[in-house]
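Before anything else, here is the set of structures, which you'll find just below.
Both complexes below contain subunit A, partnered by subunit B and then by subunit C.
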Partner chain A sequence: MARFGMAIDTKKCVGCMDCVVACKTENNVPEGHNRDWIVTVANGKFPNVNLEIQSQRCNHCDNTPCVACCPTGASHVHEVGAVVLVDHNMCIGCKACLASCPYDARFVHPDGYADKCTFCIHRVEEGKLPACVSVCPTHCMYFGDLDDANSEVSRLIASRKNHPLLPEAGTSPRIFYLI
Partner chain B sequence: MNSVSRRKFLKISGFSVGALAATSAFSPMLKGVDKLNKEKLKGIKIIPTYCDICFWKCGTLAYLKDGELWKVEGNPKDPLSKGRLCPRGTGGIGAVTDPDRLRSPLIRTRQRGEEVWKEVTWNEALNYIAEKMNKIKAQYGPESVASFSHGIGGNFLKHTLKAYGAINFAAPSFAQCRGPRDVGFELTFGEAIGSPERTDIENAKCLVLIGSHLGENMHNTQVQEFANAVANDASIIVVDPRFSVAASKAKYYLPIKPGTDIALLLAWMNVIVSEKLYDVEYVTKYGFGFEQFAAEISQYTPEWAYPETGIDPELIRKSAKEMAMHKPSTLVHPGRHTTWYGDDAQRSRAIALLNALLGSWGRKGGFYFPVSYSLPGYPYPAYPAPSKEKLDNPGRKYPFASEEITTGIREATISGNPYPIKGWFIYATNLIQALPNQDETIKAIQNLDLMVVVDVIPSEIAGWADVVLPESVYLERYDDLHMSANKTPFVGIRQPVVDSPSDQKPNWWIAKKLAEKLGLANYYPWSHIEEYLDYRLKAGGLSLARLKQEGIILGKDKPIYAEDGVPLEFNTPSGKIEFYSSQLQEAGFDPVPKFKRQEQAPSGYYRLLFGRAPVHSFSRTQSNRILMDTMGENEVWVNHDVAEKWGLKNAQSVRLKNQDGVISNKIKVKVTERIRTDCVYMVHGFGHNSKMLKGAFGKGASDSGLVTKYVIDPLMGGTGMNVNFVTFEMEA
Partner chain C sequence: MQELTTTRHNPQIDPFMQVWGWEIPVYLFLGGLVAGMMIISGYFIFSKRYKNTNCVTYTLPIISLLLLSLGMFSLFLDLEHKLYVWRLYTTFKISSPMSWGAWILILVYPVITANLLMDSPKFLADRFPQLDKIKNFIHERPVLIQNIGVGNMLLGGMLGVYTGVLLSTMGSRPLWNSSMLWVLFLISGLSTAAALVHMIAKDVDERELLAKADNGFLTIEIFVLALLLIGLLTSSSVHIEAAKLLISGAYAPAFWVFVVGMGVVIPLFIQLLAVNHKIKHTPIAPIMVIGGGLILRFIIVAAGQYSHYLNAHFK
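On to the complex of A and B.
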């Protein structure tokens, strides 16, 4: 069984938000919402500044507070790639998952269900890369199976310095930022 | 990890999620699609075309799902996008669904600028225009109709106007943008940089960016190559008063004092020449006047440059040596928007000379020789011979201008000299935000008998027009063939993917109909643009059907580097690279660039700098709801210490007031460590005040409104615009 994750090279990322725009059109994300977003972390004092630009989204965590707290079972771990998904029909829009996610990855779709990044499972199941990965003009995003030691993502995570977001939240996130 | 939460991030960047969420219609219109037979269109259909959200013209694949426009992706065959569009291009469908776009022809019913209109038919609008044009022709001559345009879409209108007898055509892309750069390089190497830039960024081992913020400035091919250069561990050197995204990738960041780049360039060249680090063989073989040049720059040591630039002499030396170490694969990027201080052609010449020392012109990792596909033109009748000369640059006042000067036409329109200008045709360029000093533009407009704007959105300039003609957006129309010179020759097609939702028309149709109204139908021997395209393609041995299918057809690769046998020839008076320029000297200019101090900010004021954001093109995309969802307003970047002095808090609203007392719209402050203390920065294109642009109205502030002052480049007429200073007006 695959366990999908991402490695994102912050050295190459320019923060252009193409990943954000591509997600919006691919997934018809409603106006006013985004499933992914850019965070720029700046440290230091001018001119000795250090920037890290992070393309963020649902981390498709191994330990999923959002699934654990869902009263209806709408939030679930998909059989393919252990991707965390929401079943729109089962979701009652109670927002428990929104509150439980340390990454603020979820929002309520105007149609009433909790929505967020799906790792573009509809594309992945057709053998394509997620929309954000395949649009990125700097080729800085990598997607693949973290359980396969030979996958590009696994090799990058093994060979390059990296960090996930908020590891202290204990959710075992599956997106790693290469630094 | 210092991670900002999404909720906080949204707040910081000034999104108003709640307000936007209230209007949740994502794709409500596309009315035109209804006209198509949906039965035939079940499932996914892919139609190739090319993008028009900026002028780069990337090859695009448009996806229809059940006949409705779904998304656009890059065409993998395209040498420019390599299958990946930039964020603006990716958001291109937002131009189709934009609820604020122009829908029907409009004729003004009240004073110019009041934006009161009546909707008219195309017939009425074109009759009105033709009648006025005939009057102007009778009274003043056809030369008195001038035109401003941006992008390939203007081709057919220009053809109609030339057939009418017009001769004054200009685009802000010269005197307000890349003109100084092209002139500086022409004076040195005998050739301009062109667009797309002939920069071999991905093979550069050392890349120097001077004020060029690649990554924020999203010229697709360049950004992709930049990322490759970063991945290849190229040494990046960034010179910028602002710690740009590119600066964050740099080995050496030089936080230069604004307006002193020439001093830095002279000092760099001083180090490279005095330590004999230049490409001696190349300079000896191809250089002209090197001894005079070397003697002139011997005075400009890094120690001399230090008090001017604020850059530590050691950093100047180290970065110069880094460049020399990687020659000739060191690319000192010429930039694009280079109209900064009015001495910009000379600064660009200094950049060209530095490249010449490093031997990068014509070399891999430097400047390549661009190649393009060539197809015969359409055999039109000859245009009428003009009885007057162009008036943008009378008496060659700006002797090295290589294209027409917009602001020269504006000046002539105000003064009536050397002859009156009575009509303006404006295609797809928002002159109010593109030209410096809006009052002068408005003053010129008052002298017109006819002002026509052809555009997809009601930008500020449309608000001043007598007649506004709504154009179909690029996904709804054909255009001329795309054959930009770059690394691989290709021909690309723009073709309609969906119907226009209302009464918008493609520019070729507008131009042809207008020609007919003017009695110039003989200039359009074809009845539909497909015939025109077919003619040109057939003449080149290609077929329209195949191009429509593939979107892009590649030509044969040709050598693009001197290393591969392209001869190094220079179209300069000496036939060599002009280290010393006799033609500049003869015209009374410095034959080797000199540094002159810029005027400094009055106390309590800061130099206003502006630039690009990756998700917006000029002032043309702020009504695109998809792009506005990623960046809905601009911010003014203020150094932390300056903010503290003024008691400014992050995300607080202020207004900016310039040295002439002009006050901006409200704009949010971004308190940051990423900028010097003597300047502020904002992204260009926001602060719209066209009432018809409902989504963009009043969002952020306009840098252009604050650019009341400009300094004209005496070599080529470009308008230096980084010469304005602003202070803060607190909001209650």
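On to the complex of A and C.
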């Protein structure tokens, strides 16, 4: 079974938010809510300053506290690509998954269910790339199977210096930021 | 220096998480209170105090049922997809404390009801004469009564433990992520229950016993609170920052004044004087204990949501 993940090149990302707009359009994300967003991390003291721009979203972790705590099984690991999804018709809106996510990647949809990034699985199953990846004007985002050593995303992670987000939270996130 | 800016502004998530409002602390408090009342009632049955017709074990079940239903209604109000609440009972997820809790609550009701049927309240017994037959049936079987007592203690213990485990399994919230939390919530449930039962017990001996028991629970609670904070302070940096929220941070004034001071130390002092016959028993100390237990849940739920891996770095 494939294990989808992403590599995002922070040397290329300019924080244009095209990925954010594409996601909202593709997935009809309600106003005032975001499935993906831009974080800018500034390190150091002038003149030795380093700026890292990160396009963030659900990390589709290998160790999924959101799936473990869900009392109804609405939050689940999808058979295609081990993507973490929420079945809207099973979610009771208890918000345990929101509280259990160290990335605060989930939110309550106005219709009452927990919502988050799906890696655009409906597009991926049709052989397309996730909307955010496909529109990126600097081509800084790479999507693919982490279990396939020959995939572009695996080769980039193996060859470039990178870091995931909050590895200390112990969730084994599957989005890697190339630095 | 490290500075972080984000374009995300999701409701209830940013700038810090507040997905659980007043409903969850109220539910956790009432769940703990009912758990404590079940353990006390079960103990009174098991120790054969039920043979005294004035025994408070005959009063507790109806109050427990009312308070538990109130707590569950509060939990229901918190759900964002209320009409789907029945989904909780279409599956059992072994990894989900909330799923365990849903099923424990289903088991708790018949056990409390069995306790209730040992001597139904007058307004029910007058309306349903069959209840007298059930009462006689139960009282002719001492082994059954013992089992009702054990069942109440067992399910009460499970309910009390679950209210803490619900939060402590969330590794993403450093303040909750302590194995002491279930001990704290269980002992706090017992102390608030002992306080409430102390106020409604008619028998003087029972009142005396409950005041002494409450002093024991409150003393243990001081140690458990200390161990919770020590455990966090000797852990990773995010856990240290989480402990500081209670010790010297935004939640410290409410924690020290209402939980430690008015909820534990002062009522313990008053009740120690009362059980040593220096002063008369008053409802002041029990009311303070109950108020402290409620505020403890509010502070733990709110501060726990605030405690976060990122908040620890970006204050």
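Definition applied: the second predicted complex is superposed on the first by the 179 of 179 C-alpha atoms of A that agree within 3 Å, B and C clash if a C-alpha of one lies under 4 Å from a C-alpha of the other, contacts with A are read in each partner's own complex, and residues count from 1 in each chain.
Here is the rule we go by: a contact is a pair of C-beta atoms (placed from the backbone, for glycine too) under 8 Å apart; a residue touches a chain by one contact, two chains touch by 3 or more.
These numbers were taken from a predicted model, which means no experiment stands behind them.
Within the superposed three-chain model, A:41 lies in touch with subunit B and with subunit C [touch as defined at top]. In the superposed model, A:121 makes contact with neither subunit B nor subunit C. By the touch criterion stated above, A:33 is placed in contact with subunit B and with subunit C alike. In the superposition on chain A, contact of A:2 is made with neither subunit B nor subunit C.
Of the two partner chains placed around the shared chain by superposition, subunit B is the only one that A:138 touches, whereas subunit C remains out of contact.
In the superposition on chain A, contact is made by A:113 with subunit C only, not with subunit B. Of the two partner chains, subunit B is the only one that A:21 touches; subunit C does not reach it.
In the superposed pair of complexes, A:166 makes contact with subunit B and with subunit C alike. When the two complexes are laid over each other on chain A, subunit A has residues 17, 20, 32-34, 37, 39, 41-45, 56, 104, 166 in contact with both subunit B and subunit C. Per the touch definition, subunit C reaches subunit A in the complex via residues 1-14, 17, 19-20, 78-82, 84-85, 87-88, 90-91, 93, 95-99, 102, 169-173, 236, 238, 305, 308-310. Residues of subunit A that touch subunit B in their complex: 9, 11-12, 14-18, 20-22, 24-26, 28-34, 37, 39, 41-47, 49-51, 53-54, 56, 103-105, 110, 134-140, 163, 165-167. Residues 17, 20, 32-34, 37-45, 56, 65, 68-74, 89-96, 98-102, 104, 106-108, 112-113, 166, 168-170 of subunit A are the ones touching subunit C in the complex.
Of all residues in subunit B, those touching subunit A in their complex are 1-7, 9-10, 17, 19-27, 70-74, 84-87, 90-91, 93, 214-216, 218, 220, 223-224, 226-227, 230-231, 243, 245-249, 253, 255, 614-615, 625-627, 629-631, 639-640, 672-677.
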